[in-house]
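Next come two complexes built around subunit A: one with subunit B, the other with subunit C.
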Partner chain A sequence: MKILSLIAGVLMGAALIYGSLDMPKWGDPHSPASTHVSPYYLQHSIEHAATPNVVTTVLADYRGYDTLGETTVVFTAGMACLLLLGKRRKRQGK
Partner chain B sequence: MIQESDDVIVKAVARLLVPFIVVYALYVVMHGHYSPGGGFQGGVILAASFVLLGVSHGLEKTRRRMSEKAARVVSSIGVLLYGGIGALCLILGGNYLDYAKLGKILRVTPAEARSLGILGVEIGVALAVMAVMCTVFFAIFTAEESPEDYRSVE
Partner chain C sequence: MFEFIVSYYNYWMYIGLMMIGFYAMMAKRNLVKKIIGMNIFQSAIIFFYISTSVKKGATVPILENAHGHATHGIEHGANAINVMQYANPLPHVLMLTAIVVMVATLGVALAVVILIYRRYGTLEEDEIMKLVRRG
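Up next, the complex of A and B:
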């Protein structure tokens, strides 16, 4: 059974590596990601949002929904941590 | 539960460092428009000042500045600020999180309104991250407060 799962893992890894060979090279200026939105954001960030830092503009303005989700994740993680660890303190009250 | 440190040097250095860490955190949040930084990073640095205070001066003194309840409330306020700015844009006739519409009430150009909107949500993120870090810090370091629990584990 262990050998079987090893073979399955190796096969799956090989398939994933084979799939990644087709991806555009790192930082390729002709890749689809670099030819559509990236130049648009870089060129229009200042006139759209009056913010020199393009990263901030993309993070909080163009991709504002994403950051809202991230903040909610952080908040939820904190509340979950509180719920998990708060339980122990209740037992101590007995 | 962390007790107050006996070491004078540790306490004095922490007391000196904490205000500078807070100022640096505010700088990182406010300067996110021009340099690397922003809400997440600034919030974590802000939380680091509370952690340093807790480690050096004990949890009791830290609680006086940021109680567990306050941390919970502030983390909710942070997320609410973000969502509220988005909802405000909706009320002013734009899309959700379309900060350009905030120019109507702030009386600035749409581009400047977007810049200010970004600053608003960054402050919201910073508050939420700071409070969540403090909540986790308190939760972890008060979990061992029950001596009975501890003895039964041993």
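Up next, the complex of A and C:
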């Protein structure tokens, strides 16, 4: 089983390294990730939201509903932990 | 050759880290070690995304001179923002979301592991499977 997992890991790593050769170079300012939509946020965040920190602007202003959903995720995880661990304790009490 | 390695070694580091996590998830029998492997895997993906936001010679995406009177200058284009001066902010934001999901999964997984330990008294996968088969 361990040998099989090792072979699977090495094969997948080799495939990923082969794929990484088509990625943009490290620190390339003209990579696709930083040319299409991200300059818009950098240029307009100060007039839209009056906040110098662009990460804060995108997180709390442009993607405000996404952050609201994120708090729902944390709340659901907390409730799941409470339900999983709290129920057991009650049964032990009986 | 040296430039080739410098351009891509960050991806190779993350792939190595990711495969360490992948191997731990598959081959380790202890459930807590599996969860540690899952965390290493997720951290590798987060590092990968953060590395795509790097621009050579750029600083953190906090605008300079954005407070007070200079703000008017930026708004009216007299003091235009140089995009190449700041790192790409979008991967940072998306990875904040991913970190939240990572913490949530870690918490629920550890809660389930605590329940398994209380029920079976062990965290080794093969021993748990033996106990399950026995009924």
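Operating definition for what follows: the second predicted complex is superposed on the first by the 84 of 94 C-alpha atoms of A that agree within 3 Å, B and C clash if a C-alpha of one lies under 4 Å from a C-alpha of the other, contacts with A are read in each partner's own complex, and residues count from 1 in each chain.
To be clear about the criterion, contacts are C-beta pairs under 8 Å (C-beta built on N, C-alpha and C of every residue); 3 or more make two chains touch, one makes a residue touch a chain.
A quick note: this is a predicted structure, and the numbers were derived from the prediction, not measured.
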*Assess the superposed three-chain arrangement around subunit A: do subunit B and subunit C clash, or do they fit?*
fit
*Which partner reaches more residues of subunit A, subunit B or subunit C?*
C
_I'd like to know which partner A:K2 touches here: subunit B for first, subunit C for second, both or neither._
second
*Regarding the shared-chain residue A:A50, is it in contact with subunit B (first), subunit C (second), both, or neither?*
both
_Quick check on the superposed pair: does A:L21 touch subunit B, subunit C, both, or neither? Answer first, second, both or neither._
second
_If we overlay the two complexes on their shared chain A, which of subunit B and subunit C does A:M12 touch? Say first, second, both or neither._
second
*Please indicate which partner A:V74 is in contact with in the superposed arrangement: first for subunit B, second for subunit C, both, or neither.*
both
_Between subunit B and subunit C, whom does A:L59 touch in the aligned arrangement: first, second, both, or neither?_
both
*Taking the superposed arrangement, what is the smallest distance in Å from a C-alpha atom of subunit B to one of subunit C?*
8
*Between subunit B and subunit C, which residues of subunit A are contacted by each of them?*
47, 50, 52-53, 55, 59, 67, 70, 74, 77-78, 81, 85, 88
*In the complex formed with subunit A, which residues of subunit B make contact?*
32-36, 38-40, 72, 75-76, 78-79, 82-83, 86, 96-97, 99, 109, 111-112, 114-115, 117-118, 121-122, 124-125, 128-129, 131-133, 135-136, 139-140, 142-143, 145-146, 148-149
_Please output the residues of subunit C touching subunit A within their complex, sorted ascending._
6-12, 15-16, 18-19, 22-23, 26-27, 51-58, 61-64, 66-67, 71, 74-75, 80-81, 83-84, 86, 88-93, 96-97, 100-101, 103-105, 107-108, 111-112, 114-115, 118
*Sort out for me which residues of subunit A touch subunit C in the complex.*
1-2, 5-6, 8-10, 12-13, 16-17, 20-21, 23-29, 31, 33-34, 37-39, 41-43, 45-47, 50, 52-55, 58-59, 63, 66-67, 70, 73-74, 76-78, 80-81, 84-85, 88
*asked:* So in the complex, the part of subunit A that touches subunit B is made up of which residues?
replied: 47-53, 55-57, 59-61, 64-65, 67-68, 70-72, 74-75, 77-79, 81-82, 85-86, 88-89, 91-92
